[in-house]
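In the part that follows, the structures are each spelled out as structure tokens.
Paired with chain B in one complex and with chain C in the other, chain A is shared by the two complexes that follow.
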Partner chain A sequence: MSAHAPWHIFEQTLHDPWTLAAEWKQQTGGPVIGHLLPDVPEELIHAAGALPIALTGAGVRAARAHALIPGYTCSHAMGVLERALTGQLEILDGMVIPYVCDTTRNLHHIWRRAFPKMWCEFLRLPKRLEHPGARDYLKEEFSRMREALCRHTHRAATDEALEESFCLYNKSRAKLREAYERHRKDPSTWSIRRLHALVASAQCAPRDLHLQWMERLPWNTEADEASHCRVPLYVRGKIWDPPELPELLDGLGFVVVGDEMVTGYRSVGEDVHLGGDPLEALVERHMRLIPYAGYHLSPREVVDGFLRRVEQSGAAGVLILDPKFCEAAGFDSPDLRQGLRRRGVPLLALETSDRGGAVGALRVRLEAFAEMLSQTVP
Partner chain B sequence: MEPIESLRLLKGINIDYYTAAHTARQNGKFIAYVNAFTPVELLYAMDFIPVYPENHAVILGARKLSEEVIHAAEGMGYSRDLCSYALCDLGSIRTGKSPTMGLPKPDLLLVSNSQCGTLTKWFEVLSRLYGAPMVLIDVPQSGDGQKDSAAERYVRRQLEELVSILEDITGRPLDEGRFRECIHLSRRASELWSRVLETGMHCPAPMTVFDQFIAMAPIVAQRGTKVAVDFYETLLEELQGRVERGISAVGDERFRLYWDNLPIWPELRRLSRFLEAQGAALVVSLYTWAWATLAVGEEDPFGDWAHQYLYTANLHMERRIEQYEAFARHYKLDGFLYHSNRSCKMFSQDIPEVRRAVTQRTGIPGTVLEADHNDPHLYSVETLEVQIRTFLEMLGAKEVH
Partner chain C sequence: MITAGIDCGAKTVKVVVIKDGQVVGKSLVPAGIDAKGAAEKAFDEALAQAGLSRKDVAKVVSTGTGRKEPTFRDEEVTEVTADARGAVFLFPQARTVIDVGAEEGRAIRVDAAGKVVDFAVNEKCAAGAGAFVEAMARALEVDLEEMGKLSLQAKQAVPMNAQCAVFAESELVSLVHAKTPKPDMARAIHDAIADRIVSMVRRVGAEPEVVLIGGVAKNVGFVDSLSRDLETEVKLPDDPEMVGALGAALIAAE
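And then the complex of A and B:
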């Protein structure tokens, strides 16, 4: 077996989750439900007997989607729509779109009309995270979603079933957190590219199977000498877009000591507490997540919380990836940058989207950033 | 064309409004920055003057200052893809450029995300900038108008809590009598504004949507005051007179059109003249109608607001299509102009689908104009004119056949 062999399955799944989903469907007879990122609780879908698949649009060249949504839409939403219009999502028996921003709000309407036969639910996420009413509302919304899912799948997502799903997902998250630790110690073997494939593929593979695959990884590798010279980096962004970014960062000698990606540490950092009211436990986890830009916190906390997280990570520099056409990220970004500058933290802010095919230009900027940082890292 | 005399009153009304805002502190008043779908009647009743940063941005756009201030906002690190109202506001704060001497500093930032998510993030920036408290009225809309009693409770709770937040800022309790009076005035102004908009159903229309865009300032910013009521009484009377005398807003009215989305503020005058020259009257727009639906009852204002913000603000696509069908009938429309507003994703992303469905159901064609509400850098007005002319020629050819 080559050294690449146990890693390959994660990249393959990320690239093509559909074949696996079809096999799963055949074996279990269960439905496959796609969901847009972030914050649709996978455990709810899983407990209702379905396979949740997180959908992202990075790296998709839009053609047909332009007829349904204007070009000034982020690549995340546009790419997922394109996938659906070109038949890539035919395996799906349903779809959940969360209220993340105006774009997902509109996408939900467009989706319902473009695919009238597909079951599609809108998850009404409250935005005022610090208000106690948001917790109460979210619990009721999760309850509504649970019922809607069960009606659709014809299975009962009982409290026991939910608890079992929590256990499975917690176990998976714990393993993925361990992978983050391995990455920090041994980024040559546990590269950013591999780490990303590992974490992101967990969101689109049957979770128990994914856990089994993870068992085969070389968990006990020793850090090689070169690892000590890596530059510790903190990354803020939604998804790796363009998808080549992790590999670029590997090549430039970075190690990710913290990130806020919805296909990254944000998805594995927090577990669901067991043994209590399951919906309350889900709400509680939701509230502990690294706040995504689409939510509202007290405005100072948006900046201060971010600066705290960066400081705690021990990063030498910060990479901010603002998705093009994303209002949520775009309004936060200047104040975050200013906060970093005041503290003397080097940063690189990139407006990213694969639609422009700008990987070459990104590389040049990242190289300059790496060079600058390598002079500051002892 | 015979101009609408009442519109001349607006200059004084607007000057008085901004003067009152700038002198609020001397007069024991407070300033709340707000957006649509916030309870302005409550604010007026509690000695707050509601100020709309969006309206200030409109003035910058209409006075052709937006390019310059947006450029300044870019210099602050804001992407040009963001809402150009927000960019104008932030750039104006940075440069000090403003025909209204800027806006007075806020005592409170009150925003509802029923309108869009952008405003929440924009107001967060302002809150950090001014060190002012911010309250978000969080409205988790169902997306398709489904009743959601949990959401009603959540929104209502936030609205009710607002009273004590305002009391804490002013140090004065809510005067129920004044509150009722403001609600009453708001209802009256909204009724009058509805009548004003309905005059557009007459052929020829006595007023165009371009005039409505100008005339809507009081229903937006001064809903709940006598100023708004008096202005719309005067305007309505004049419009009724024009209807009786058969006075058309555009001379020989050949085409009756719908305008979708926000105006292109920097081109308001130019496009108005251009359409007038073609005999095309914009007779109705959901944007101006939206302001007619925001009044509440005295019995349960908080419940009414919660309902509005959840179910009637920002119609979801299916209801919007139905509404356009109704407009087509009532206003005898010949065509739809859809403004695909590049930096307002909220009101633009579903236009391709809305246009398709509306034409399919009504048989009335529509054309999509790619532009922006406040950033002239993002469109070419000459191209827009060519496109509108082509569309009207197509409508004209249809007329002949």
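And then the complex of A and C:
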């Protein structure tokens, strides 16, 4: 078996989750539910007997979607719509779109009109997380979503079923956090590209199967000398767009010591507490997550929390990936940049989108950033 | 110690050979479509000027868009790093370096050692680079050199919201139809590029001294617009387009 063999399945799944979903559907008879990122609780879908698949639009060339959604839509939403319009999502038996920004809210309306036969739910997440009613509201919303899912799947997502799902997903997240540790220690073997494929594919494969695949990985590798010369980087962003970015960072000698990607550490950093009211436990987890750009918190708390995480990571610099046309990211970004500059933390902010910029142009900026940081690395 | 820096730009290839910190040879040749060949030619020309041969050179560092092209390079660095080192060598008090080349503009904040502290590169569009000036000179039917001088004769500032080279040409046609004097149009073009460059400079922080390098630094009209926009004096080296190659040669010597 080659050194690449155990990793291949994760990249393959990320590239094509549909074949696997079709097999799962045939074996279990369960429905496949797609969901837009971030913050749709996969455990709710899983406990209702369905396979949750996180949908991303990075790297999708939009042609048909332009007819239904304005051109100033982020590549994530645009790409997912394009996938649906070109028949790539036919495997789906349903769709959940979370309310995290105006774009996802409008996408939900567009989705219902464009695909009237597909079951589609809108998860109305609270935007003001500090509001006294946010927790109660979110619990009600999760409860509504649970009932809607059960009606659709004809399965009962009982408290016991939810607890089982929590156990499975917690186990998976713990293993993925371990993968982050491995990446920090041995980034040559546990490269950024591999780590990304590993974490992101967990969101679109049957979780139990994904856990089995992870067992085959080389968890006890020794770091080579090059691993110690890497430049520690902290990454803030939503998804890796263009998708070539992780490989680019590997090639330039970076190691990601922390990230806030919704297909990255943000998805695995927090577990669901067991043994209590399951919906309250889901709410608690949601409130503990790294704040997503679309949520309204006091700017000071957002900036201070971000700077604290950067400092704790030991990063030599920060890469901010602002998706083009993402208004939510645009609101937070100036404060975060200012905060970093005040603390003297080197920063590179890139407006990214597979639709908007060539990988070559990004490479030059990242190379220059690597040169800049390598001067400050002890 | 003899070292060489080679800057393979989008339009020209520049080589600087230094011996113990002194420039002993330099050359500039068009990049054309054979960047490898152009790099070889430029290197040989610079060596000939210095009375040296390739075996005399201890190390060659390449930079620029085509920095991977020279087969004789020992190492490579980005334009950002090379520009910073070259500019601070020439102007030790420089803290902000602006490089406007044929295809790209960039702003770099540097420390006293010539190390990069922050930088920004113009996004995607040619409207902040030399190629834009060339396109506009063609549209105005004037020589590139004449463009700069013409701009200094402007009597008024004409707003031009150039966001890209293609739209700017349409805008220019509108100004022509409105019988706008040529000097005013030339200034409008330089002001538009300066606006884009300065917005980038402000992102990294414009600390004095400010040094302008790259081929566009030879355009007196652009320098005038940039100084006005930045509200500060802009320092100019004698050979602004050679600074990246000089920086690479200096890095090779380290």
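In the analysis below, the second predicted complex is superposed on the first by the 377 of 378 C-alpha atoms of A that agree within 3 Å, B and C clash if a C-alpha of one lies under 4 Å from a C-alpha of the other, contacts with A are read in each partner's own complex, and residues count from 1 in each chain.
Everything that follows uses one rule, which is that contacts are C-beta pairs under 8 Å (C-beta built on N, C-alpha and C of every residue); 3 or more make two chains touch, one makes a residue touch a chain.
Bear in mind that the values here come from a model prediction, so they are computed numbers and not experimental data.
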For A:Cys101 in the superposed arrangement: first (chain B), second (chain C), both or neither?
first
For A:Pro70, is the partner it touches chain B (first), chain C (second), both, or none of the two (neither)?
first
Please work out whether A:Glu140 is in contact with chain B alone, chain C alone, both, or neither, and reply first, second, both or neither.
first
Tell me the contact category for A:Glu351 with respect to chain B and chain C: first, second, both or neither.
both
Considering only touches as defined above, state whether A:Arg365 meets chain B (first), chain C (second), both or neither.
second
Answer with first, second, both or neither: which of chain B and chain C does A:Arg124 touch in the superposed model?
first
The answer to whether chain B or chain C touches more of chain A is B
For A:Gly317, is the partner it touches chain B (first), chain C (second), both, or none of the two (neither)?
neither
With the two structures laid over each other on chain A, which partner does A:Gly294 touch: chain B (first), chain C (second), both, or neither?
first
Contact residues common to both interfaces of chain A (with chain B and with chain C)
351
Chain A-touching residues of chain B, taken from the complex the two chains share
76-79, 81-83, 86, 113, 116-118, 120-125, 127-128, 134, 136, 138, 140-144, 148, 150-151, 153-154, 157-158, 316-318, 340, 342-343, 345-346, 348-353, 357
Would you tell me which residues of chain A are touching chain B in their complex?
67-70, 72-73, 99, 101-103, 105-110, 112-114, 122, 124-128, 131, 133-134, 136-137, 140-141, 144, 293-294, 296, 298-300, 302-303, 322, 324-325, 327-328, 330-335, 337-338, 349, 351
Show me the residue ranges of chain C that touch chain A in the complex, using the header's touch definition.
65, 77-81, 115-119, 121, 123-124
Interfacial residue positions of chain A with respect to chain C in the complex:
346-347, 351, 356-358, 361, 364-365, 367-368, 371-372, 375
